[in-house]
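So that you can tell them apart, the chains are marked A, B, C and D in the order they are listed, and the count of residues begins at 1 in each.
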Amino acid sequence: MLDKVDLSSLQDSMVNDDIRSLGERFLTVRQVTEALCEPLGVEDLNLQAVAETSPGKWHLAHTSWFFETFILKSFEENFTPFNSQYEYLFNSYYNTIGEQFSRANRHLLSRPTVSEIYRYRQDITQRMIALIKNNNQLDKIAPLVVLGINHEQQHQELLLTDIKYNLYQNPLLPAYLPLSETLERKRPDKLTAKQTLNWITFDKGLVAIGKELGDGVSADFVFDNESPRHQCFIPTFELSDRLITNGEYIEFIEAGGYDEPNYWLSDGWSMKNEAAWQAPLYWYHQDGCWYQYTLTGNIKVDPNEPVSHISYYEADAFATWAGARLPTEQEWELAAKEQPVSGNLLSSKTFRPVAATEKKALKQLFGDVWEWTSSSYSPYPGYSPLAGAVGEYNGKFMANQFVLRGGSCVTSDDHIRATYRNFFYPEARWQFSGLRLARSL
Amino acid sequence: MLDKVDLSSLQDSMVNDDIRSLGERFLTVRQVTEALCEPLGVEDLNLQAVAETSPGKWHLAHTSWFFETFILKSFEENFTPFNSQYEYLFNSYYNTIGEQFSRANRHLLSRPTVSEIYRYRQDITQRMIALIKNNNQLDKIAPLVVLGINHEQQHQELLLTDIKYNLYQNPLLPAYLPLSETLERKRPDKLTAKQTLNWITFDKGLVAIGKELGDGVSADFVFDNESPRHQCFIPTFELSDRLITNGEYIEFIEAGGYDEPNYWLSDGWSMKNEAAWQAPLYWYHQDGCWYQYTLTGNIKVDPNEPVSHISYYEADAFATWAGARLPTEQEWELAAKEQPVSGNLLSSKTFRPVAATEKKALKQLFGDVWEWTSSSYSPYPGYSPLAGAVGEYNGKFMANQFVLRGGSCVTSDDHIRATYRNFFYPEARWQFSGLRLARSL
Amino acid sequence: MLDKVDLSSLQDSMVNDDIRSLGERFLTVRQVTEALCEPLGVEDLNLQAVAETSPGKWHLAHTSWFFETFILKSFEENFTPFNSQYEYLFNSYYNTIGEQFSRANRHLLSRPTVSEIYRYRQDITQRMIALIKNNNQLDKIAPLVVLGINHEQQHQELLLTDIKYNLYQNPLLPAYLPLSETLERKRPDKLTAKQTLNWITFDKGLVAIGKELGDGVSADFVFDNESPRHQCFIPTFELSDRLITNGEYIEFIEAGGYDEPNYWLSDGWSMKNEAAWQAPLYWYHQDGCWYQYTLTGNIKVDPNEPVSHISYYEADAFATWAGARLPTEQEWELAAKEQPVSGNLLSSKTFRPVAATEKKALKQLFGDVWEWTSSSYSPYPGYSPLAGAVGEYNGKFMANQFVLRGGSCVTSDDHIRATYRNFFYPEARWQFSGLRLARSL
Amino acid sequence: MLDKVDLSSLQDSMVNDDIRSLGERFLTVRQVTEALCEPLGVEDLNLQAVAETSPGKWHLAHTSWFFETFILKSFEENFTPFNSQYEYLFNSYYNTIGEQFSRANRHLLSRPTVSEIYRYRQDITQRMIALIKNNNQLDKIAPLVVLGINHEQQHQELLLTDIKYNLYQNPLLPAYLPLSETLERKRPDKLTAKQTLNWITFDKGLVAIGKELGDGVSADFVFDNESPRHQCFIPTFELSDRLITNGEYIEFIEAGGYDEPNYWLSDGWSMKNEAAWQAPLYWYHQDGCWYQYTLTGNIKVDPNEPVSHISYYEADAFATWAGARLPTEQEWELAAKEQPVSGNLLSSKTFRPVAATEKKALKQLFGDVWEWTSSSYSPYPGYSPLAGAVGEYNGKFMANQFVLRGGSCVTSDDHIRATYRNFFYPEARWQFSGLRLARSL
């Protein structure tokens, strides 16, 4: 199916994001979402194994709901909702808007059907384009459109991580995409069994972290949680030059890492025991080999690829075992702030993390896997959420989650940046999440 | 969609069951299952709200699996499974056959798709027909075919009760079928608000209960749990001449029936509180009126229709409140054994219980709603299960469930009989389950 | 401690029950309860591991509450409650009386203290004696006193089975009583490793089951659930002449009984897996031997003693494996009705089941272990509960439980009889529960 | 009972801590623990309502276990454990030492009895004194003794907060202590209904936070989690001059604070709904008045006292409602570092927070209630846990908890300091936990 979709053209469009008009950016993001759904059948689009992994159909609808609720409803003349019940059905968590349909039960919504949702998408897309073209309130609308674009990009990533988890529940282990439809991984010819791990040193000092909220439209868009820019004192530290690999993680497993409580946080040890974790999510051991389920089906675990689908607890335990620690988000940002945003991101169409091949000193900062940091997700000094319902976007989640940085192999290229703060609960494993080590000096 | 299907022809075929050949009976049951799925979309066929309510697609597959596993596998020359993984995916609970895919997760099987399942059905149907036509072991095969036909009829009923429950989870409350596609209810012209309840007396005595297992082929087929026929002493009792109505049940509600522990079994009172029951399943109260969700959508509760979708606990509490009790299954069978099998069954195409209009003394014994009895589901004296894997069909469930008698508005006409024993857990409410009263004298 | 208590005198008093006055019977039962608590410390008397196993202190209080609430409150002149809050704290399940303190949290009642409860007991005992001596309404009071005596005897048994379960949670495995303070088991000199199992045949026929409620005072007291006496047709069957032994149960275990689903009821198989049962409660395997925790501490499992502490599911699975079944409660009663009530009961002071040594054909009918029957606990034809709050005593539990017959090694001698119906949920294992086999002919 | 204990002498001894020898400090802490248990009966000492609130008996034993395991076992000649099974029974969470008895089931340990535990305490106390007096390895032992003293002080506080929660489960609501046995609260004569709330400003700058681990013996003892001392950049902020009062919290409640999701963190809103919080723990509303359960029994809520027993979520919601926020732990420490450690602490013997009466600008920094900060509990830069099993003391809990500062009315006077970091899960309410507001400028 994917051959109907010209993903390679999307790739180009992504990197030239800055020069496109708002309308083009909007249309592109809408198309990409639909292209990502192409390989999925109607039944696949209704799957939901756990509350966290929403059906693809729901993502298709919710991203349209976002534009309808936060833009069309306020700015379209003679606004009429596409369907008055959708406000309830496709609201994710905005209490300001109203009650929400039970998150865990989204898979029970056989109606509206996938076809009806596509009609809904088309209607919203067209009305949004009309609004963008004609409206004389573009200064008010544009920041919300850009927010909606970024919002839809986040859901594109979730759509892929969710469908991976959902298809995995089926003993037939269906692939999202045949391997032949992904781009070849740029693999080094003679990769040795184990790559060296080097350390890069950063000197202590006062550093500016985060970014001010700009006009919310141009390329310097940031989420409110990345603001305000503020001073931070960072002691001297060093950072590993690349991500931790599957091979290194297997050493941890074989060294009894999952059986030795001293490596683990107390909550991590409880969680590991309760969930009976013995390896990353999607891994299984057979005839002396490790295998893993990927978006292209089952494959052997490649020791040179970055380890992925581990929880914060596992990342932290690995770091302790290795005599190191996870970086803080400030340390990570300091290291990344001068680096170009490039790497194994969505446009690479690998749909999985790949081995480090860059020549530069600090490798794999962007793409491949989100990197767990030791920083609990909390407000920056002076932070205040956006006004209105969109104020619920980020701020209310600032407890009990940890910050991840750098994007993954399924993050849009024009979505990620050095100041970007992703956040998940420490037990989450269904994202492409891995780690890089740090050490205090 | 349903207009594509000639349900009226099925109606005729059902009642003339005795004279049709085995092959015709087989084909009919296969067609009816598919006809019942006609009004449902692909996404509807994958719904599963709780473990008990399997997706329609799973019913389509499992009924085919039954014929493949218990007949083709043993009797077809050069048997090759349609798909070797289906044995695991579509096994319901036969440990003798092997492990089963998690019941509660059947909705996670987006693959095989509905289309693939229909191909599977077609393949099994054709191979079964070939086997029936050509095989020289018909004496061995026929009893299993008849068992499979009866098995598929049970799943037809489940298919409807499950989809009712599953669609009900959707706030849009989609109907299974528009009212216009059901047959008009034969409603008396001037039904008074409340019908008289009369009592029929039965004298004490030794009664033969149950039926011997016959050759398992001809019209006298019975399940093993109806055998062996045995003597039973029944003291004098009386039975209400019809089912309890919604109107009478509303009186119970309004008399505080749900708030007075003295009417309830101890486990029933706990269950009611835990589940916060205040009325039958599918009922809600609005502006002083009771409404209910039906297979044709939301309607006002009709006080003359039999109450349905109540648990054993509610049936028992109602009976206690009314100064009566539930009949035992032996009492019910004694009353029904000489009665013709007719009533508001599947061929009536009402898809809901209707008000009693029969002229005879004992009304509504068959059809409308399954009648809870006070009998715990247990083996008859001398009972032994069938040999082999089909021995798991009934016997292993003989604990913790209660017997229901008489069939419902969605039971096949040629499936029900006076000795038929259905069984559900006392908290089950998603079946068409109601009650008739009894009194000791 | 127990040497302070003259249990041997109690033993005599028990067997001569008939000739004692009501007051003497009342006093005796009060003394026995306290004697049974003698070996326990204050902290032991507050233990409660699960909701089912109430603290000893609570039993001491609740049995007093029963006399206070159902007798003193109605018949004592100028009645004043000992403590007005006790009505709430020590009500077990009588909704007619009022709300009850959470059953699972009884261990949280450090106040009233054990000392205060003993003062409460003494006060109630004295006032009851005064009432019995002086009251001119003895005809109304006496049936309630006898009910209260029987009620307290039931709690004596629970007190012992509960404390066994509660002490067992402590890794120190403290004994309730040192072995030296129990009576020697009358063990046959040369008991062979395996005793023969013989079958006794009973011919089919109409049998009178149960007993009429008498005046509720004299020795023919029965609970309401044993009434009314009614006719029952029982087909020919045979019964094993003794209880199933530990040795026989070990054969079942070693034959893979816990791993073969075909022996198990469906609910039993689920329960076994969920609870990871591999042997009776209190058993563990070490160095090739089976051991068990008893009221006198840990001992080796004796192959000649009756198996105990098994659930209904295990009893049923054993019977299926053995090619037999459990008896119905009617079959059991038919076999027991002409037998004298004697056996290894509380007055034997063994505090555990012992090997069969009787010379008669049918052995161990009374005492040792309660025998699971295949009969679901349900009302006899024509049953109606007692009037008033005591009507909640038995009737409201008539669902989801199974009947056990015959009493155990900790049942009072004058409490048990052929018509006595005990009942527990099929997963219960903390009672002294075992089995005898039956076969249809 | 408490009159047997000379708490007033303890009070004096506490404040002069610095000049006492190690042995005297050790003896004092042992005595205080026992004095705090004086008002409790044997049954009270075995209460445990939830896993978090251990029985008093367990605290008595575990604090002895700590000295036995970490000191006597390593340094006593010919060490023999008091009871070899105690190592397992009274280990809290030290995996390095070995397995632990289930935390939630500590109330099931009726044995060893309270008497036996007191014998255990006495034995350990005497052997410790002997070791301190005679040992020539005092340099190695002393830091562990001081750690053990501080450990026991933490358990003294838990002992009181746990017993408060445990007694509260009893409908009789027994007091820990009669009001007459606490010290009179120094209440201002004419306290107005509402005290002014003033703000103190702190300028931005680099600040040294934490304290280096010293020799672990002298008065500058700190826990490892307070180290290392490190630089931190703090932006300008202001802090409220006193704690938030009950009166102010009632305004929040009456303004609908518990019903408006916009004030709440997302996890807080879920938790509030799940637990049905409508006020602080121990509060109830009756006849238009708020009442609360205290260690001296039920009293009216005093609007001038600091609000206590609120979760992090409630503290955060209150702050949001008030247009402010919680301080970070660094901000709190900056404000407290130059302040003397005095306030309503354990030696005040009020056993509850009291209204602010100090004359100084910043009031109530120490004592009354622990103050929730917005800081997630995490390691300071360069932190590493102590070597050996005591390394499990603090570090492994550094996830998912929030830091509280300042001590409470039941914290020992010589236990608290400006750098002290307490930590609890955000839903915890059984500690004396309240809040102070902060604002960014």
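As a convention for this text, contacts are C-beta pairs under 8 Å (C-beta built on N, C-alpha and C of every residue); 3 or more make two chains touch, one makes a residue touch a chain.
Since this is a predicted model, take the numbers as computed values, not measurements.
Trainee: Going by C-alpha centroids, which chain is farthest from chain A? Tell me that one.
Mentor: With centres defined by C-alpha atoms, farthest from chain A sits C.
Trainee: List the centre-to-centre spacing of chain A and chain C in whole Å, with centres computed as mean CA coordinates.
Mentor: Result: the chain centres lie 61 Å from each other.
Trainee: Between chain B and chain C, what's the gap in Å when you average each chain's C-alpha atoms?
Mentor: Computed value for the inter-centroid distance: 40 Å.
Trainee: How many angstrom lie between the CA centroids of chain A and chain B, rounded to a whole number?
Mentor: It comes to 47 Å between the two C-alpha centres.
Trainee: Please classify the inter-chain touch graph. Allowed labels: line, ring, star, complete, other.
Mentor: Basically the chains close up into a ring.
Trainee: Which part of chain A faces chain B closely enough to touch in the complex?
Mentor: Of all residues in chain A, those touching chain B are 41-44, 46-47, 49, 85, 88-89, 101, 105, 107-114, 166-167, 169-172, 174.
Trainee: Where on chain C is chain B touching in the complex?
Mentor: Per the stated touch rule, the residues are 93, 95-96, 206, 230-233, 235, 237, 261-262, 264-269, 312-313, 316, 325, 374-376, 378-379, 381-382, 392, 396-400, 426, 440.
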